[in-house]
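A short worksheet on the structure shown next.
Each chain carries a letter (A, B, C and D) given by its place in the written order, and its residues are counted from 1.
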Amino acid sequence: MGGLLGRTRFAAIDDVSFSLEAARPEIFAIIGESGSGKTTLARMILNTLAPSKGIIRFLGEDISRFRGRREQLQFMRKVQPIFQNPFEAFNPLKRVDRYLFASAYHFAGHHGRAGREAAADEALKKVGLSLAEVKGRFPHELSGGQLQRAAIARALISSPALIVADEPVSMVDASLRMSIVNLFKTLRDELRVSIIYITHDLATAYYISDRVLIMQKGKVVETGPARQVLSNPQHPYTVLLRESILSPDDVDKSHLAGAA
Amino acid sequence: MLRVFRDLFRYNREFAAGTILVLIVLSLVVASFFSPYPPQDSYVVPPDVPPCWAYPLGTNSRGQDVFWQLTVAIRNSLLFGIAVAFLSRIISLAIGLVSGYTGGLVDRVLMSINDTFVVIPQFPILTLFYFMMHDHMSWTLLALAMASLGWPYDARLIRSVALSLRNREFTAQSVFSGMSTRQILLEEHLPYVLPIVFSTTMNNINWSIGLEVTLSVIGFTNIETPTIGTMIYWANQHTAMVAGIWWWVVAPVATVIMTFIGLFLLSVSMNEFIDPRSRLARMGV
Amino acid sequence: MDVALSVRDLRAYYLTSHFGVEREVRAVDDITLSVEKKEIYGIAGESSCGKSTFIRTIAAAIRPPLRVLGGSIRYSFLDRDLYDLDERALTEMRWKHLSCILQGSMNVLNPVRRVRESFKDFASPHMGLARSVFFDAVKAHLNRLRLSPTVLSAFPHELSGGMRQRVAIALATVCRPEFIIADEPTTALDVVVQKDVLALILEMQREIGSSMIFVTHDLTVHANISNRLGIMYAGRLVEEGSTRDILRDPMHPYTRHLIASLPRIGDVTPKKGLSGAPPSLADPPSGCRFHPRCPLAMDICRQAHPELTALAPGRRVACYAVSPLVQPAHEAAAARKATKADKSAAFLQ
Amino acid sequence: MKEWPRASLLGAEIEFASMRTYARYFLRRLGQFVFVVFVGINIVFFVTHATPVDPVEQAISSATQFGHSDPRAVEIMRKALRELYGLDGTILQQYVRFWTRLATGDFGPSLSAFPTPVSVLIRQSLPWTVGLLFTSTLIAWGVGNSLGGLAGYYRKNRLLKAVGIAATGLQPIPSYIMSLVVLILFGYIWPILPISGGFQMNVSPDLSIPFVSSVIMHSILPVLSLVLITIGAWFVGMRSLVSNIVTEDYVVYAELAGVNRRRILTSYIMRNALTPQLTGLALSLGAIFNGAIITEFVFGYPGLGTLLVRGVNSGDYSLVLGIASISIVAVATAVFVIDLLYPLLDPRVKVE
């Protein structure tokens, strides 16, 4: 059994390697600040940007060889993205359901209207929505949380093995954020989907991920089990990050006074 | 659609004024089909009659009724403008969309060529073209020549929209929904590009009619085809202003100004109305 | 304790009309609060809860379609209501007494002017110093903020994001104003820089002794910088108290949820999200605006919105379920100051 | 107050724009300039060589239309004209000669003003065109942008609103029609200004007061027409730019700081609108040039436009070719000069 993503080396980003196991779905967090190259990495994994050196293998195959439309569709069926800004991720002039129906048509082979609607409804139910709530609606008629759920539902229609989520909750309001985060757990445990969770937020990464990878300026500085790395960081940069994090529990002993 | 039109007419003064002006011009075009005699014929009415009941815009020194002459002239000029605009739209859409959606080296090369065409003064080149063609010059050739010069400014606009759309997250969402490039360009991106195409079409019609008038007045086109330009050309040949036959000049000038302002106002107001942002505002975001 | 700012029954709506469709967005509805001298008053809330509009209103920075429809805003350094000032007095008051630090340090400095010119434009008229003395004072101030005087000759794009925000803080504090309004000043910054910048703000505020309203959606930032905290939901203030009390013992169900759902490193207990979504301010629900999402909603919640009631010293909550002392609010007289608001609107176009 | 050691001051990370970035910018613009001239001249070559009409035959047929036509004389004439026009030899030789002529500025003698060289005729007309263009563009751009800026900032001002309506009406009117209307107004209806020529015929062209004033009087109507043609676009463009910039953070911030209103309008708003309007100027120079030569023709102004029409009407191939080529080079040069001004106005210009 090969790795889901195996022997990954990126040179545009400097020499990043990691692999995910296909048999054991997990949430893998890639953590970095702006300019760390984490979004570039996400685009490479999604095969929308070619690494200048190195190979990304998906289920044993080099993804840069998926050039033709058939192969690309085949790849997209198994690897799906979730975007950062739910209001940007849907064309404001188009209805939200069209993306669900398009996915059902292209990836699940539902050519009839009834089949498409059933597939969309089923996926939406998995994320706590229903087609009735989404059908015919424009993005501005839904909340950010609903849109992000709809985006996840869309990604689920093709039953992917891997979801790449780039800062999926940073634009979602606090009161809705955790329900989206929890959803990723559900996907991993119940639908057995692996998730690459790209974020700058150490706290949510700690909360949901199994393993983390810390990036700084295109390089990996530390990687390992999430709880271990974040509770007991080894690399100086991770230590600095960890120390810079503010916590609601600081209310009695603010770190700021001393920092200045 | 009718509701949109009604709303625009009621709430947008530019649109209302533009529509009225364009309707007047269009009714002249329609009238041209009811001309009592062929527009080319001369000496069919008494010459040099000032505007009166029988000849609302007077008659000219060549014995033609200025009104009927005008209806045919504006029809030809408008048709010319539309032809040039249509042809140059094809070029600007193709260059703009390809440049914007492809990006990279293709974009740089195309935009370099584009900027060159923006900068090059067209009038001397069209004059040179006439000089080389002389009697071979025709309506169609001029339209082709102008279409091949009239695209770059608009291509640049279309390209900038296409470029920004390429990087929007919903484009990636469409790609990962399995949509084809054709589907993405036509269904996802075209709604954003169309407003520009509409408004630049109006402006391009203006531009080409203006240049056609200029070339005709100097005599650098086929002066036998009645257009607004050739009408003024013949008036100048007969020194109409000096001879006091002012209506011969004023009628075409006033009509063409009406056309220009009408089309321009439509372009401005349509631009605002079809602009996705104001469209969203109306949807109640 | 002396009061630095007192806001009463403030009401500010966006009134728009587009293609004949009239809309009224109630971004700030009946807000009453006061800020004490030398304190940092934090305002927290989600996007479009009205916190930015509130800031804009108390900074007298409104322009159509935003209109102030009622209420009063009194600063200790002004002898009358903020919206009773004429243009001249307003201009004089700005920066000398009231300054601002905004989100997006990227864009708050004029991109085509050197930093030096910004200092001259912003601070020079209020400090009344000769040119050379003025720049000596500016340099001394930069020094206090650990910024080299070379930043004065730089253009904004030549500075890094963190430096730009430092320059913005220097700009906002150089006149030593009594009151500073900070609107999400660290939101776009990386965590390491964010901590630095927060420390700097705190240090300057203590040194100058100014009062401050600090707005951010991030409760962990509030925990570290705010003395007191007001929680906004859908255009209304729903809870207020000392930051410690609110974080330790939130009373309003909305606040309770917000705090319970904060992820912390070292904490893996399941966190829940709220159902539903924040309401549209163009068409807010009747009664308490939180009731459609509230697990404790009762009949009365749907009928009348609860008064923000003092339940303990320095602690106010607007929720019927928390205490029987909370009663339906008296609607404040509307449109009391519409004419004045129009005047100020004309000033800022 | 604790003094912080100098060493810990933040400041080292400032990236001041270097001379090198300007040099690279300069080279890029120079490259674009060369490219514009190259493409433009190739279009001219293409138009003259891909069209079915042979200018030599045309000249001969018009020369031999009346009177005798000795075949030998015609043959000599044909040979002479081919050489004169640079149309002998292979197409490649012609192409090379075409560029050589352009580089040396030698387009041969003019047929209509034989034997005056075309370059002399162009050199005589060019200053008139440049003067007209420079004056009118300066006025239209300056006044249009200033008023447009004011109109964008003071949206409620009645007078500026009225100016806005007028500008919207003026914007779409093309050069010829505008010039004609000005000519009719000031030539026939209210004849107060000279409507033709560059100066009065009976004044000797030297630097005397009567001559200079005559030149100024004659230039008023062409300049007025050109200003009216272009001012609307600058006004409307600037107004919409300003109403966007007004909402920029740095403007709001300056307003919050109580910065002087006039300073905000000039240094914060208009100053930032200046750069896109300068780009706009560079991009529309070609169109403005078109307008200028058309206006010259209408007013019989002794510039390139009048010369061009005369050249066409008298079948003067070298002259028309020379003017078309020089026009392209002149406009490209002007655009290049504006491009070089750009970094002075926008410190952010960097090579990506």
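To be clear about the criterion, contacts are C-beta pairs under 8 Å (C-beta built on N, C-alpha and C of every residue); 3 or more make two chains touch, one makes a residue touch a chain.
As the structure is a computational prediction, the values presented were derived from the model and not from experiment.
S.K.: According to the touch definition, list the chains common to the neighbour sets of chain A and chain D.
M.R.: Touching chain A and chain D alike, sorted by label: B, C.
S.K.: For the pairs A-B and C-D, output the one whose chains share more C-beta pairs in contact.
M.R.: If we tally the contacting C-beta pairs, C-D comes out ahead.
S.K.: Measure off the straight-line distance from the CA centroid of chain A to the CA centroid of chain B, and report it in whole Å.
M.R.: Those two chain centres are 49 Å apart.
S.K.: Find the geometric centre of each of chain C and chain D from their Cα atoms only, then give the gap between the two centres in Å, rounded to an integer.
M.R.: 52
S.K.: How big is the gap, in whole Å, between where the Cα atoms of chain B centre and where those of chain D centre?
M.R.: That gives a centre separation of 23 Å.
S.K.: On a C-alpha centroid basis, what's the spacing between chain A and chain C, in Å?
M.R.: Using C-alpha averages as centres, the distance is 33 Å.
S.K.: In the complex formed with chain A, which residues of chain B make contact?
M.R.: Going through chain B, the ones touching chain A are 168-170, 172-180, 187-188, 191-192, 276, 279-280, 283-285.
S.K.: Which chain A residues qualify as touching chain C in the complex?
M.R.: Per the stated touch rule, the residues are 33-34, 143-146, 173-182, 200-204, 206-207, 227, 230-231, 240-242, 244-252, 254-257, 259-260.
S.K.: What part of chain A is in contact with chain B in the complex they form?
M.R.: Spelled out, the residues of chain A in touch with chain B are 46, 48, 69, 73, 76, 80-81, 83-85, 88-94, 99-100, 102-103, 105-107, 138, 140, 151, 154-155.
S.K.: In the complex of these two chains, what residues of chain C are touching chain A?
M.R.: Answer in residue numbers: 46-47, 190-192, 194-196, 198-200, 202-203, 217-221, 223-225, 243-244, 247-248, 254, 257-259, 261-268, 270-278, 293.
S.K.: Give every residue of chain C touching chain D within the complex, in rising order.
M.R.: It is residues 59, 61, 90-95, 99-100, 102, 104, 106-113, 117, 121-122, 125-126, 143-144, 146-151, 153-155, 157-160, 163, 166, 171, 346, 348-349 of chain C that touch chain D.
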